[in-house]
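In the part that follows, the structures are each spelled out as structure tokens.
Next come two complexes, and both contain chain A; in the first it sits with chain B, in the second with chain C.
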Partner chain A sequence: MTEQAILFDSSRCSGCKACQVACKTWNSLPSPLEKNSQEWNGSLQCPPDLGSNTRLIITFNEGDNGKKYGVNWAFGRRSCMHCTNAACVNVCPSGCLYHDEYGMVTYDAEKCIGCQYCRSACPFDVPRHKGSDDILGGSVVINKCTGCPDRVAHGRKPACVTTCQPGALDFGDRDDMIAIAEERVALLHKKGFDKARVYGKDEMDGCHVIYVLKYGIEQYELPENPKIMGSVNASSKVMKPLTALGFVAVIAGLAVCYISGIGYHRDTMRYDEKKHDVIDVDTGEVIKHIDKEAGER
Partner chain B sequence: MATERFIQRHSLQTRITHDVFVIACIWLMISGLFVFIPPLAAAVPEVARFMRITHRIVGCVFIITPIISAVASPGGVKRFFAKYFTKWTPEDVEFVKKFVPYMLMPKKTHMPDQDEVKSGQRFADGMLMLCAVAMAISGVILWLGISVFHVSAGVLAVQRFIHDLFFLILVIFTIAHIFLGAGIFEPYRPGHMIGLMFGNGQIDESDALYHWGFWARKEIEEGKNIVVKEVPDKK
Partner chain C sequence: MTGHYCDFKNADVILTCGSNNLENHPVSSKWVQRALDKGATWIVVDPRFTRTAAQADIYCPIRSGTDIAFYGGLINYIIENDLWQHEYVLNYTNASYLINPDYNFDVSTGLFSGWDPTTKKYDTTTWGYQTESESTWDTSSTGTYSWVSQEGVPEFTPPTLKTPKKDPTLEDPNCVWQIMKNHYSRYTIDKVCEVCGMDPDTLELVYKTYASTGDPAKSGTILYALGQTQHHYGSENTRIMCMVQLLLGNAGMAGGGVNALRGEPNVQGATDMAMMVYDLPGYLHWPTVASTPTLRAWCEHETYSDGYYTNKPKFMVSFLKEWFGDNATVGNDYGYDWLPKVPKNGDDYTTIGTFELMNKDIMKGYFAWGQNPAASDPNTSFNRRAMAHLDWLVVADWTETATATFWKAPDMDASQINTEVYFLPAALIYEKSGTILNSGRWLQWRQKAVEPVDQAKPDYEMCDLLYRAIADLYRKEGGKCSEQILNTKWDYYVDGKIDPRPVSWALNGYNVEGTDFSKGKVSLLNGFANLKADGSTANGIWIYGGYYNNSDAPLDPAQQPVGRRGHDDPGNLGLYPKWAFSWPANRRIIYNRASADLRGQPWNEDKMLVKWDGSKWVTNDVPDFAANKTNADGTTEPIPPNNKAFFMKWEQNANLMTTGMKDAPLPEFYEPFESPVKNTLNGSQNSPMIKYAENESVKKGDASQYPIVATTYSITEHWQTGAQTRMCPALDEIAPQQFIEMSEELAAEKGIKNNDDVRVFNNRGSVKVKALVTKRIRPFTINGQTVHQIGMIHHWDWTNMFSTGDVVNDLTPNVGDPNSYIPEYKAFLVDVEKA
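Then we have the complex of A and B:
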């Protein structure tokens, strides 16, 4: 199978959030229905971040355009980037997270043990978990964008892409998506959007979500140089082999000690507290005399 | 019937604290392996999920047990620290220098007399305590950081590294501790060392003199913790 990718063109996005709704609908992810259940944060970005039942949000950012009137109103897309070198897959201790045949990072919820290491490892801070407020953690299960493998397997596009009315989202062969993105960026440059760029082509060894950023990256809640944290690699690539090695070395060392101790015998001793003599019980011989006057103990 | 003297080395409270702590520690190691070794969790995810829940519950026992014990006996805490944080004597230094030769040639290496806690024991137990504290703190942050406080990903990653690092050290020192303390090493077997923590807390005079000469002689001279028992005559 050729690698597939989602293309998000921020210059075409109208911020309608239909993709958010489609994601929730297709994946049966409810939203709170109580009045004013979402805290007002002064932005159209709602909910303000990904959550246990929200795999995708459109971000809203108003940047200074350097002119007297108007703003650079940037619509971004915050969801799984489906990295090739995916920190979440590397760190997942149960094999729950994996790459599917199209290169998308998906998961088997049955295998999730709720450790949330994926969230702490992800440079984009994407994975979220249902039941994460459960203090014992028994009901914690990952919930993040999967790229709708059930739809893709039947020749359909992910739910968010299908519903995108202004055509900001597309889905297809990764190389094709990159080519479209680069062509679009070239056009944006011609139109005077100097900071326009493609994002996701090379990041994390290539993401399977390709962005066309109309404005500067600082307006999109995206890291400039996403990397797997050193401590993540240290844990998985250093500490585990080192622990195995340490375990084997200690066992081997102690086995040698054990063998050297076989057949060990010592005579029974007693202490004469009046004469301050340590005596061999079997022979009656004084092994050691403690000279108290000389300060011996 | 002949008589034999024993020294009461550990109180009931010390033994209970130690034993509950040991059981908790072993359970934490086993349950932690389900996160530490991916194929294990992948093979039996339901068991892994159960282990994770128990890891948190038993983790509480691991943390609370020594705290309760310390609160119940502040004097014991003071004596504990006095034993462990004490000035090193020339015999302490000699003990450490001879430790490896002794482990490899116990029949030929003569170890110097020691106080209540051997210098090597002070170091090894100190490492175990350091590991326990580091793992408890990092474990609590890893737990509450994702359920109550929602700390940053960076904090979680660092705590996870600390948890893994001290697990490595803990494994090494725990195995060595069991090897000696449980009397698997033959020179440590005659005195029923394991009974010091999992039995009545007493050690016979001969083995006390062998392991902790300074301490044993002092105890015998003072006579406070001496228990005399009738034993069958040797044939």
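Then we have the complex of A and C:
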């Protein structure tokens, strides 16, 4: 099987979020059931971020269009990019995460040990874990987009792609998806969208999710030049052989990683819910202020 | 729609005005994108910068309720700049027809001639044509209308054809063209901007771009929905769009037309089926006490003097034959007298009027079948109080709606309400077989996927149980008007069980001879052209003729046109004539004769729907005109091209000016019932014929108390009152709470921040919602003053398992349109404060 890719063309997306619903429905991911339990965050971006039961969201960002009316309203897609050089696969100590035959990054949940290294390693902050917010201490298991291998194996497209009415999502040979994306970007340039670009073609040695970005990258919550942190590569070199030696070695390896501070950086940051600041726990420094009123997450 | 969804791809310019088609009709996006891929330009005109606007090439804001000013300006621009399609307008419309010299429009009063201040109605005589000559029907055995004299046809005096006087030079001051040109000369670009609130450059760009489709080879389509219709002049909004499309030669073209995007999956079907007081299925008129008390009167009043509606008696008699079966005979006027007649106060029985009747204790029982008036109708708090006067209420629905629990509303005191409420759980669309009819008039068969849950039943099964119980009671106990109930034909059973397939036979139409429903035997008609007025055919709705016409397999929908799944696409225009069935007669694009010039040559070969090749018509679509005629000996021969492109009108030309509307011969701008500004286009603030404005329940508010314009709308995440979608956790999760959209300027003025709780209120009610503060809404400058507008979504009420909220329709005014009786949800006044 040749490498496959999901194509997301933000210039065709209508922001309807049907893909989010299709993803949940196909993958049996629950939504909150308690009456009126959900906070609204002042944006159409709901839920505001990926979560333990949310593998995909559409992002909404209103940028200035320099005109008298309207905005540059960017509809983005936030989910696994299915990298070729995938930090999560590299860092995964248990062999849970791997590339499938189509190039998509999938996982064997049975093998997940709940270490959440994948999340901190991911330059896109994608992997989430079921049970991670469970105070009863249920087992922590990875949950992220798999590319719907159970559909693809039967000749169907991923659930999000099939449901997309405006044709913003497509799925097929990666080369074809890139060709479509590049053609589209050329057209967008012609229409005056100067910042339009393809994203995911070369990033992370090639992603299996290709984006057509209509506006500047800053409107899509995507990193410019995403990279695997040096430490992740280092840790994978430590972890992989150890995994092969078995469980005890993994635990030992994890201890090494923990002590040496490799991998899980996430806990060193704290979010102040009142001030909407992201704070470095060690230094107390405000790393980022999240401007909620401007629709930022 | 005059076209259909796939046809959007053929447009050169798409104008979305009064709809939010990407969000609320997601499938439309697929076809709009295809047009864009081929180089089309997309314009969105909307008070809010919507998700649809985000994708468009041109966005133009507009103050809610000012569409007639916008379109009137477009007409003026088209005429002033000579961008209209001359050959089309001259030949296919009534532009050259001469109007009664007494016609007048008085700008100072805002009234057309014929106004009667006592009845507050128009006498439309002066809006009519001058007559050139008169002719009568030839009903002799060799005449065109020989059928009238045949045995079994009800007696009536055929109408006289009054051929209008015309001036093909369009110079006569009384011709439609001159009257129209003069009428819209007031609608200058500056004037329109002053009323609607956009800037002249943007407006001119919109006008220029859309008017470019006046090029005969080009087509422009208008996609509209409730943003156009839900005004007290909503019907005139629709008509002025038609006028624009006629002037630019877009009606009848592939990629053209006037395209209403219907919301409810089967709302087009519901409209076809006459869910209105004055309608009979298939857009015929229900008998009224005033003008059509007898079958003879109906035939004389309703039958057109020329064009296809000369056949109306055939449709009516066939309808009666289906309604009353063997009990309908020529001797008893086919049972016409058994049909109830709309009384003189018929307007009181429309949706808005109904609640007034309840409030006055006149209407004591109510069926809310698949509708949720306690949350979705205007001025819902009044409606709920009115419903408390009912003796009984029956609600048939999927979920326990606000209507089913109106007595549980936060503002109701259940201990004071004596209404007995019955809830009939209805089967979901997946739990019953039958047809679904989309906005493009496609009838498609759906098979049942799963059995209904618990006691839920398909609607037709509920109807059957009700009918049989009611008929039984009449049989046993008698009662008033029992004949009309007991003489009704009711034999839609297969193996003793009510079934949509025999209903389909009835809707398609059949020969009475050779048909016996009780034996499963039916002689289906090929199409409505086979209908007769002599009682030999029966048909429940003439426009569906042909959708289920295979008598060889009457119980197998898959072998019927409605079940077709062919992918052929002649002309590569997305017509797909072998996919399902499009009424009428499987025509995909209505008025398609107008896609070709007077000689029958397509305006654009690439968009060829019909073409005269010198001896016959070559067609990609089913002709919507008389393409062939049948001789006395049964042979057919082609009819060479002529100017009769709109044969559903008696003139067989489209109407730029009309006597067909109650409130105006030419659409004229009036302000919404509640408006922050004065009407500066004429001397009447509201349409003189606004309905229900005098009712006490309306509680009109004025701009001194409530200066902010509000409009209601849907978001794509939820559906209508949310009764169904708020039951789906995955949908609740993507839109968990009700909000209003407001500009940063208004928010600053009121000290409101994004995500704050706010209270929105007027004389009718008050609701608490969240604020979404955004640059996507900007204040308008109207007549030099700043006017703020907010947008309110309306998907919540007190019911449901997962999310609840206030009822936004507590604020909307229960006033409406005199033609369609639609309420004015889309423009009214409120004030906003931080909660």
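The rule is simple: the second predicted complex is superposed on the first by the 229 of 297 C-alpha atoms of A that agree within 3 Å, B and C clash if a C-alpha of one lies under 4 Å from a C-alpha of the other, contacts with A are read in each partner's own complex, and residues count from 1 in each chain.
Note that in this section contacts are C-beta pairs under 8 Å (C-beta built on N, C-alpha and C of every residue); 3 or more make two chains touch, one makes a residue touch a chain.
Because the structure is predicted, anything quoted here is derived from the model rather than measured.
> Give one of first, second, both or neither to describe whether A:Gly15 is in contact with chain B, with chain C, with both, or with none.
second
> Figure out whether A:Cys122 sits in contact with chain B (first) or chain C (second), or with both, or with neither.
Only chain B; A:Cys122 stays clear of chain C.
> Just chain B (first), just chain C (second), both, or neither: which does A:Leu33 touch?
Only chain C; A:Leu33 stays clear of chain B.
> In this superposition, which partner touches a larger number of chain A residues, chain B or chain C?
Comparing chain B with chain C, the partner touching more chain A residues is B.
> Quick check for you: in the superposed arrangement, does A:Glu110 touch first (chain B), second (chain C), both or neither?
After superposition on chain A, A:Glu110 lies in contact with chain B alone.
> A:Thr162 in the overlay: touching chain B, chain C, both, or neither? Say first, second, both or neither.
Neither chain B nor chain C is touched by A:Thr162.
> Can you list the chain A residues touching chain C in their complex?
By the definition above, chain A touches chain C via 11-12, 14-18, 20-21, 24-25, 30-33, 35-36, 38-44, 46-47, 62, 64, 68-71, 73, 75, 165-167, 191, 292-293, 295.
> Residues of chain C touching chain A in their complex?
Chain C reaches chain A through residues 22-23, 26-27, 29-30, 33, 49, 51-55, 57, 59-61, 198-199, 202, 715-717, 729-737, 739, 753-755, 770-776, 778, 801-804.
> Enumerate the contact residues on chain A facing chain B in the complex.
Touch list, chain A to chain B: 92-96, 110-117, 119-122, 125, 129, 132-138, 229, 231-232, 234-235, 239-240, 242-243, 246-247, 250-251, 254, 256-258, 260-264, 266, 268-271, 273, 276, 278, 281, 290, 297.
> Touching residues of chain B toward chain A in the complex: what are they?
Per the touch definition, chain B meets chain A at residues 5, 34-39, 41-42, 45, 48-49, 52-53, 56-57, 103-107, 113, 143, 146-148, 153-154, 156-158, 160-161, 164-165, 167-168, 171-172, 175-176, 179, 184-187, 190, 205-206, 209-210, 213-214, 216-218, 220-221, 223.
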